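What follows is a set of structures to go through.
Shared between the two complexes below is subunit A, which has subunit B as its partner in the first and subunit C in the second.
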Partner chain A sequence: MTTMLEPHRAPQEELAPSRAGARPGRRSSSDHPLWFLLPALAILAVFFIAPTVFNFVYAFTDWSSFKSEIGFVGLENFRDLASSGTLLADLRITVVYAILVAIFQNLFGLLLALLLERDTRVNRMARVAFFVPVIMSALAVGYVFQALLEPDGGLNAMLSFLLPGQVDVAWLGSTRWTIVVVALVHAWKWMGLSMLIYLAGLKTISDDVLEAARLDGASGWQLFRQVKLPLLAPAVTFNVATALLGSMNGFDVVQATTEGGPGGTTELLNIFIFRTFGQGLFAQATAMSLTLFLVVALLAFPVIAGLRRRERVL
Partner chain B sequence: MNKRMTRSVLGVAAAATLLLAAACSDPGSSTTTSGGSVDWPAQDTDLTGTTLTIWAAQNSNTIPDSVVAGFEDLTGAEVDVETIPDPYEQGVQTKVATGDMPDLAFWQPTASQLTALNAKQNLLPLDGAPFVDAYSGGLADMTGLLDGTRYAALITTPAVEGVYYNKEVFEKAGITDLPTDWDSFVALAEQLKGDGVTPFYEMGADRWATQWWVQVQLAEAAQDGLWDRVNANEESFTDDTIQGAVDEYEDLIDEGLFNDDIKTATFEDQGKALLNGDAAMVMQVNSFFGQLQQLADTDELNQKIGFFPISKDGNVGTYIPDQSNALVAFNTGDEDQEAAARQLLEYWLGDGYADFVAAQSTVSLQTDVPSPSDVPQALLDVSASLDGAAGSMQALAVANPDLYINLADMIQGTKTPEQVTEATQQQFAQLAKAQGVSGF
Partner chain C sequence: MSAAPVLPVTAAPRPPAPRRSPRGLVQPIAAVTSVVVLLGVPFWLIIATASKPHAEALDPDLSPPSHWQLLHNVSTVVEDGRMLKAFFGSLLVMVPSVAIVLVLGSMASWVLARRTSRLLAAVYAIAISGIVLPPAVVTIVLLLRQLGLAGTPVGMVGVYCGMYLSTVIFFVTGFVRTIPVELEEAARVDGASPVRVFFQIVFPLLRPVLATATILICLYIWNDVFYALFVIGGRLDTLPLNLYQVASSGLYLQNWELIFSYILVMSLPLLIVFAVAQRRIISGVTGGAVK
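And then the complex of A and B:
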């Protein structure tokens, strides 16, 4: 496998030194005065650096809607959070949700990409159809599914028509399985994006490689398992990382379908943060979002590093 | 990037960040409003060129229509009603915290919600308003006050937590006397269950009504100063009184007195179930009746739906004013705007009030203004039960924890009754501490 990848990599390595050699050096400082950067920096500072810094600062204060003064309280917010079980419980739910979404979204995305790989007219139309949910409002998706999954909603009506007897399953009513259902909804919304990236990945696989494998007598499954999947590794990295980390910050779909219920079993950390913020406890909510930020960061580095290593091994 | 360049880039970034950090104070802060009484302009003072903004929620944005039209004709002012999307309270709180204010807004007139808006800083005191004396009964002292200062003007009857029942179901079961205390109430439910009728209907999926079951049981305790003790951290949600009410709720559910689909039923299901007679009783507040009014006309409602308050030892109602019941005026710092805002309130509860209750088909709060004839009987009963009613948690406690979510969790089976009160107390303490309440 590695020998196969080498020709792809070689040109890039050749390019690297030449790019370094073409560095323009002194010329740039007179052509492009440094203060030209100021507007961009100001925007960066106002919209990116400041909010992030404030997220750190406010977490250590007693900022609330109840009074005007903001005082520093040190680590108190974090101590309170640690002592209440809700943070840990919600963090667990969030991680489970993120893993489920990552699995479903990639599975569906990959299947769709393989199904719609060939550039026929029907496939093009189908691709568009599957991409539509991606550009839909997540809240709208959530409300539509909430209506569909109600005990007297569309899904049960359809099942009742197809199956003997009356079906009245409360799809969003189980304290154990609802998390899977909402993860499926989230994955349904975003699978079109994964599909697109997998399709792009499949397009980069050279026909020569596939032809060679076929000449060697590879079956359809072997072709997929031994050739396509390994060559899709960069797409897998991107898709898994974005699905996992994106759904760690999930909120809209779950808020619209279950609001964290039943019995708090789908209460993602962001829903808890939203609830705390709504109570006027701004500092506590900020402390929680800082915690979430740290957890996502802690998760992101090993996941991405691991997936990249996997790319190299393959 | 050479060294000098790096250094200056870093310098610019640091300066920009510092500049922003220097502005790191609460933008919602301003000077404290004085508690003294203020001048109330005449209702017809000319206001040509003045524009007043009222914030309203999705379910209250049409309430001011008749008042706005009348006021604009009378004074030449322009009144904009701006809808703040749901969740309304959170939206308003966030806007006010970041320094954005209207002239007036619909707001729950309870001490806890007035505190949540930082009333002493952000709201205009309404002491000495001419409409205060016009309120009938004890309404003037019931709500709208925070530490003795009036900040909210009540425009419609505060909601009452109590039992809405289907008269036809009661009739069929041969029930002629309404329950007179909690025990007879439960006995009645058991009798109905024996007859094969679902006694109570609860909406576990929409969650928010779960708390009424606990609160109505606390009516007498509330009159006896329960919430004062809770506010002072002398009594806790986990102590016998509140815990007992939660346990009782759990017991009633376990006994099978509620609808089978209690876990998945919604607010809409609840209204339909009571109207169709699928269940005999519902513990609810006024907005439930609003739901019924969308499903049936006044005649049908008068024929089918009745209301009675219930409490541990009698028929004490539990009042819970909500956002659509009252308005607050904001301390915007512009004296002319503030005077105009006061004038609008004065007109609303003055010359414009008769038109207002007629347009809304609602119960009048004033002795001199009669209620319109098309107000359903149940609403008149609700309003009558306000006399001698006890305050709800929302009305009397310094903070409003998510008791209803915890109770809904109990219905779903993910919390025990003990965990419900524990989680509620924990959140209550956190909110009380953030407010700087002594004892927390």
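And then the complex of A and C:
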């Protein structure tokens, strides 16, 4: 880099008056030296890019804690995972979980935003309260709901009080519905964030537009469906994208509530990766990690394009 | 709006004042009810169970404890869960990660925002891809072993830096473009080196966006357990790691009063910070989204 700087510095010192004329050519090189990029790029290269590249290598080996050598085995890991049904099952569970979280989180967030839209004292306090789960540890939230949803837990106690007869539903024990329950817990943790983003979106809608619609005789529902919702589109895009991609990478809530059970029906890819890693089956864990990477990358390309467009506007 | 003619009967004759007053009652009641049901129940469960004697906490129902022993449970868990060590362990990995990511990320963002070339556009795309792409958790452990950093705070800091540099670069690059380049040029004409221009002029101007990034990254790292389990699990105490141990070790199985005491104490620092800087945090976390 210094060699790039030298030839520019010399003439600048001799010919002070021509500096202004030389600027357009100079601005891009010596005013913003490329070496400023190097420390950040070095960290990214070592701790982000290199492990990702390793993913593409070690997923095709027999790397494990049971032997010291590592040899190539081609597609064997994927064949094993596919033939046991784990690959497709976990992939499906992860995608279903992500979609459910995106739906619930946005539904709750939007409803809360509409409920707490006006700037009253009660509403402001409620908004702050709904943000507390967002800053809490997801693991802690998971344990709270594990206790709440136990057969002898708080929810059944409450329902038994309200309804006739004893309620003892095993909320976390159904091979079909537990995935929905854990997605609801995940959505509960993050709904405060979605709510705030929707509130910010609602604030950008001008009162004139709403007043005009009201004068035209629009009902509350029409006002929402035909005026507010279309104008909230950017907030919806952002919330859905972050909820989808964030929960694809989910772990904490599910690990704390079900650890992937019952019968593996809530085993997200990250739960599988953590479990097989703990068993010393590193290559299998890597193969699943690569699978997660590829699926998220496939989903993320449109998202990155969207974020970059947004950022250019900013 | 096309349906407007159908509705004037309900909408038009209503004078504004009476329309507001019933809603003025319904809305606050609905707001308070939603807080009580959605937040009050889980939070009451935490406080009530954390205060119960062991025998009563076995079934974590919503009943109040027969006698409150919150302090007793808290002191048990602070000791058994090594909470003090965990607190400092969490700080030990969080503070250097955030500092490194902010300084190095801003330096890179400055150049990425000011210079344009096809190569730099590609570098930028790769640099921000970490916002959405999941880190390769398994092979990162292999790499850390090869570097001799497995299980060390330095390794953990490196992993967090690799993960969250992209967030900083994304936020800051956009922000730098809004700063007029003339500010820098004046200093350059006066003979300031690029290093001085960056650290004395540009970096201080980045304060608002760096505040946002700091809040986000602190939240992520303070609450992270997944990556910590892979990199430093069993070697270093952090608050979420020790919570995981307390909750999953056989010794504490079903010891809800201890788990919830732990959660209560662990959430306290965050809640205090949140109470103090509530507006800042909320605008910080949503700021990135609404812009």
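Just so it is clear, the second predicted complex is superposed on the first by the 272 of 314 C-alpha atoms of A that agree within 3 Å, B and C clash if a C-alpha of one lies under 4 Å from a C-alpha of the other, contacts with A are read in each partner's own complex, and residues count from 1 in each chain.
Methods note: a residue touches a chain if its C-beta (ideal position, glycine included) is under 8 Å from a C-beta of that chain, and two chains touch if they have at least 3 such contacts.
Everything numeric in this text was worked out from a predicted model, so none of it was measured.
Student: Per the contact definition in the header, classify A:39: touching subunit B only (first), subunit C only (second), both, or neither.
Tutor: In the superposition, A:39 contacts subunit C only.
Student: Is A:196 touching the first partner subunit B, the second partner subunit C, both, or neither of them?
Tutor: second
Student: With the two complexes superposed on chain A, say which partner A:88 touches: subunit B (first), subunit C (second), both, or neither.
Tutor: A:88 contacts neither subunit B nor subunit C.
Student: According to the stated criteria, A:68 is in contact with first (subunit B), second (subunit C), both, or neither; which is it?
Tutor: first
Student: Report the partner of subunit A that touches more of its residues: subunit B or subunit C.
Tutor: Comparing subunit B with subunit C, the partner touching more subunit A residues is C.
Student: Can A:49 be said to touch subunit B (first), subunit C (second), both, or neither?
Tutor: Both partners, subunit B and subunit C.
Student: Mind working out whether A:129 is in touch with subunit B, subunit C, both or neither, as first, second, both or neither?
Tutor: In the superposition, A:129 contacts subunit C only.
Student: Scan A:173 for contacts with subunit B and subunit C and give back first, second, both or neither.
Tutor: So A:173 only meets subunit B here.
Student: Going by the contact rule set out at the top, does A:261 touch subunit B (first), subunit C (second), both, or neither?
Tutor: first
Student: Please work out whether A:273 is in contact with subunit B alone, subunit C alone, both, or neither, and reply first, second, both or neither.
Tutor: In the superposed model, A:273 contacts subunit C only, not subunit B.
Student: In the superposed arrangement, what residues of subunit A touch both subunit B and subunit C?
Tutor: In subunit A, residues 34, 37, 41, 44, 46, 49-50, 54, 63, 150, 277, 282 are touched by subunit B and also by subunit C.
Student: Can you tell me which positions in subunit A touch subunit B when the two form their complex?
Tutor: Result: residues 29, 34, 37-38, 41-42, 44-46, 49-50, 53-54, 57, 62-70, 80, 84, 86, 150-151, 170, 172-173, 175, 259, 261-265, 275, 277-284 of subunit A touch subunit B.
Student: In the complex, go through subunit C and note every residue touching subunit A.
Tutor: Residue list for subunit C touching subunit A: 1, 3-5, 7-8, 10-12, 27-28, 30-32, 34-35, 38-39, 41-42, 45-46, 49, 59-63, 100, 104-105, 107-108, 110-112, 114-117, 123, 125-143, 147, 158-159, 161-163, 165-166, 169-170, 173-175, 177-178, 181, 184-185, 188-189, 194, 197-198, 219, 222-223, 225-226, 229-230, 239-240, 243-244, 247, 256, 259-260, 263, 266-267, 270-271, 274, 278, 281-282, 285-286, 289-291.
Student: Could you pull out which subunit A residues touch subunit C in their complex?
Tutor: Listed in rising order, the residues are 19, 23, 27-28, 30-34, 36-37, 39-41, 43-44, 46-52, 54-55, 58, 63, 112, 115-116, 118, 120, 122-123, 126-140, 143-145, 147-148, 150, 152-154, 157-158, 188, 193, 196-197, 200-201, 204, 213-214, 216-219, 222, 226, 235, 238-239, 242, 245, 248-249, 251-252, 256, 270, 273-274, 277, 282, 285-286, 289-290, 292-293, 296-297, 300, 303-304, 307-308, 310-311, 314.
Student: Subunit A touches which residues of subunit B in the complex?
Tutor: 2, 5, 8-9, 12-13, 16-17, 20-21, 24-26, 28-30, 87, 89-90, 93-94, 96-97, 115-118, 121, 204-205, 207, 261, 263-264, 402, 405, 408-409, 411-415, 423, 426-427, 430-431, 434-436
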